[in-house]
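By letter and in written order, the chains are A, B, C and D; residue numbering begins at 1 in each of them.
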Amino acid sequence: MEKIIIKNYEDAELNSPILISGLPGIGNVGKIAADYFIEKLKMKKIADIFSEYLPPQVFLFNSTVHLVRDSIYYKKTGKKNDLIFLAGDFQGTTQEGQYELSYKIMEFLEKYNISKIYTLGGYSIGKIVETPKVLGAVSDKKLMKPLENAGISFPKGEPSGGIVGSAGLILGLGKEIFSIDGACLMGETSGYFADPKGAKQIIEVLSKILKTKIDLKDIDEKAKQIEEITEKMKEESKNKTTKEDLNYFG
Amino acid sequence: MEKIIIKNYEDAELNSPILISGLPGIGNVGKIAADYFIEKLKMKKIADIFSEYLPPQVFLFNSTVHLVRDSIYYKKTGKKNDLIFLAGDFQGTTQEGQYELSYKIMEFLEKYNISKIYTLGGYSIGKIVETPKVLGAVSDKKLMKPLENAGISFPKGEPSGGIVGSAGLILGLGKEIFSIDGACLMGETSGYFADPKGAKQIIEVLSKILKTKIDLKDIDEKAKQIEEITEKMKEESKNKTTKEDLNYFG
Amino acid sequence: MEKIIIKNYEDAELNSPILISGLPGIGNVGKIAADYFIEKLKMKKIADIFSEYLPPQVFLFNSTVHLVRDSIYYKKTGKKNDLIFLAGDFQGTTQEGQYELSYKIMEFLEKYNISKIYTLGGYSIGKIVETPKVLGAVSDKKLMKPLENAGISFPKGEPSGGIVGSAGLILGLGKEIFSIDGACLMGETSGYFADPKGAKQIIEVLSKILKTKIDLKDIDEKAKQIEEITEKMKEESKNKTTKEDLNYFG
Amino acid sequence: MEKIIIKNYEDAELNSPILISGLPGIGNVGKIAADYFIEKLKMKKIADIFSEYLPPQVFLFNSTVHLVRDSIYYKKTGKKNDLIFLAGDFQGTTQEGQYELSYKIMEFLEKYNISKIYTLGGYSIGKIVETPKVLGAVSDKKLMKPLENAGISFPKGEPSGGIVGSAGLILGLGKEIFSIDGACLMGETSGYFADPKGAKQIIEVLSKILKTKIDLKDIDEKAKQIEEITEKMKEESKNKTTKEDLNYFG
């Protein structure tokens, strides 16, 4: 089989679209944020991506099989830039798979003349914080100023290990091979569990950047639920365990 | 070498055949069931599949080497649907191997115009039960009703992790790439050892679905033997060990 | 690069040669035996095989680099069957590598019309024995009788796991793909260290089978040295340790 | 994508250049030495090498992404031999990657008619020494004499395991496939941390061999800093810990 099979459902006509990528990763921050946009903006699917770089697995929804995949969606905004979103079930599970999937997707999208890329991810800080920040990394210096204005931080030397996985790679290949600039937006997260709170920060910032209003009610709800759970956990841990034990949770 | 080598022994003329796949897996439930059908219905071999996605190994039967393989068999039923069975020594040992083998086999079978797929597998419940159920998953909702009538359960949200390996993949690729519907039949099993009891349930259900009578004496025998062994184990464990220790067996 | 690069030094004219393969493995029994024949019969090299399926490594001989490789040698016997030997530094390090190397070598040798294959290996019995036996496995029943006459044992159901690696694979591919019969000769070995004693048994048996006289003095010497070392070990272990501890050695 | 993508910025005209390779490895000795030459001789970049054999990762320099890569530089010396340096972020992370990258780079450089190869590496001796030696290995005996004259040692049978990774492989492939002779220069290093002291020895020796003057001030500085740190460590360890504990550091 071809190592990556793209089932292309529609050839949309899009105005110099911005690509936003949010695949599963640390705290699932990027995936939660991307999925939220796709749902709230009622985006349409362009393509499904099946690949032997993804696990050999089907999910079950109401006993019906769903072969694992990543998917590409679009939204015509009526403004200067339409939107393309990349979201899905998994990142490539191997080093080769990471490169091949990121490259193939960029190659598939070439016909749309992507004007800019935002990749979404989580930045693990190993503890739960009140208000997670959104950290940024850019592929060109000139992108920093407008992102700072949108509330994104650029702390020196962080993340110190760089960015591993598709959030970094799509940006890196975008810059070196496809000549498209972009930025990575990383929501701070404890990294202990799927973290809508970190995702919410990204949604808000991205909504500003894309000048796209988005109803935050549902993500607020989820974030609150998680907050309550973690509050409970904290109190229980005060009574029963040391701080180290809490860190072990999840 | 080609990564998958199919030695094709015969081009059978088959009436819109149903594909049944039973490769080694949890409790070997699918393999035992498929092998039983192949033996009892005296099926003929269409092809052997050798591959570098299988272990670099030969088995020995009476000191004679048998290069590990999967094999495809058929049975002309004289009815509306002839049968094709996929069985063998191993599933692909890597993620890539899983995809490539499942895809290549489906591609090889395209000339037969497969009308439906049943993949057989085990569903590990971590304990020994009196009468294992057969769980189902379908690639199209409309297949659920007839399977429920045949006694198959569709408990909501199970298996929660979906289906991993060829039983899921053949179904998923069948649906997405080859446009063939099908179902996965999973026999409950402790998963502790090769489990003819879980396999027997599948054989009975499959026999109903395929409207093919099959002599259950030999599988009954094997299931009884295993039952006796596990009964003994249970009693011994009552005397000597805790339940947890029993779970450790195997 | 090509995944396997064969540097072909000479196109020998050979009379329906027999292929003998002895690559590193359990107790290095097969390698020691093959290297001994190559040295004692002053064989000539046909080809070197470099490959990314071998470790990315050079050995040093007198500070001079030797890129790791397998090699093919021949010996014109003046009799009915000339000899081709496969020996070298490593087996393929991955499942894919095992298949690709074995296949490619068989393919390269097709021009020589190999008449029969003997693969040499070790059979780990987990303890040191006085006189190791040589076990056999064949790709065709009719080969058993003459091998039994040469002193080879065919104990039922052993080795129970079949034969893993090139000794099994060359035989299996030889049978299924290249239609060449052959046998695997396995020298019993403790498996604790490179074992010339197990190798010696194979050399003797192979010398009979090939009707080729070979001076056993040097291998006898090495076997004796090892025997003395293991004798010492045994006595020391009697004094100091339990049998289990001895098994741990190596 | 192509598994290795070479972005070629310039086709320099070079006089039978010498290739020097210094990629990350033991104590980063080779990398530190190569990077030092590239900086001090103000070399120009010929090409960047991106590859799925490198980690799927971007580094961040002042919040700007840098897709991980290896790079090729040159220096016109005005003398008999111009210089080509290979340096970068990573070696190939897999066995296949090691071979493919080394081979592809040698293939890319064929147009320059490389006259000789020096690969730089570290040789781990597991302890900190006053004045690390530089050990050598050659792909042709005749290269030993001039290197000994430059102060390089050729201790018999060392390194006993040969040379693993690109420092060995470029030499081995250079000899067997590309017919270019060369040597590996290995700086002794504790291997505990990035070691400019081991690198300094290589820089000095290489400077002699290449008859290229190079300012040693900066590397001296770094080496001294490390020396002071390790001195402190030694004294602290004398007070607090056993020698074994010190070895554990790093």
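Everything that follows uses one rule, which is that a contact is a pair of C-beta atoms (placed from the backbone, for glycine too) under 8 Å apart; a residue touches a chain by one contact, two chains touch by 3 or more.
Since the structure is predicted, the reported quantities are computational estimates derived from the model, not experimental observations.
The chains that touch both subunit C and subunit D are none; no such chain exists. Number of steps on the shortest path from subunit A to subunit C, with steps defined by chain touch: 2.
Separation between the centroids of subunit B and subunit D, computed from CA atoms only, is 54 Å. Taking the mean of the C-alpha atoms as each chain's centre, subunit B and subunit C sit 38 Å apart. Under the contact definition stated at the top, not a single residue of subunit B touches 2 or more other chains. In terms of which chains touch, the assembly is arranged as a closed ring, every chain touching its two neighbours and no others.
By the touch rule above, subunit A contacts subunit B in their complex via residues 1, 3, 5, 7, 48, 50-60, 62-68, 93-94.
On the side of subunit A, the complex with subunit D involves touching residues 92, 95-96, 98-100, 102-104, 107, 136-141, 144, 154, 156-159, 161-166, 168-169, 171-173, 175-177, 184.
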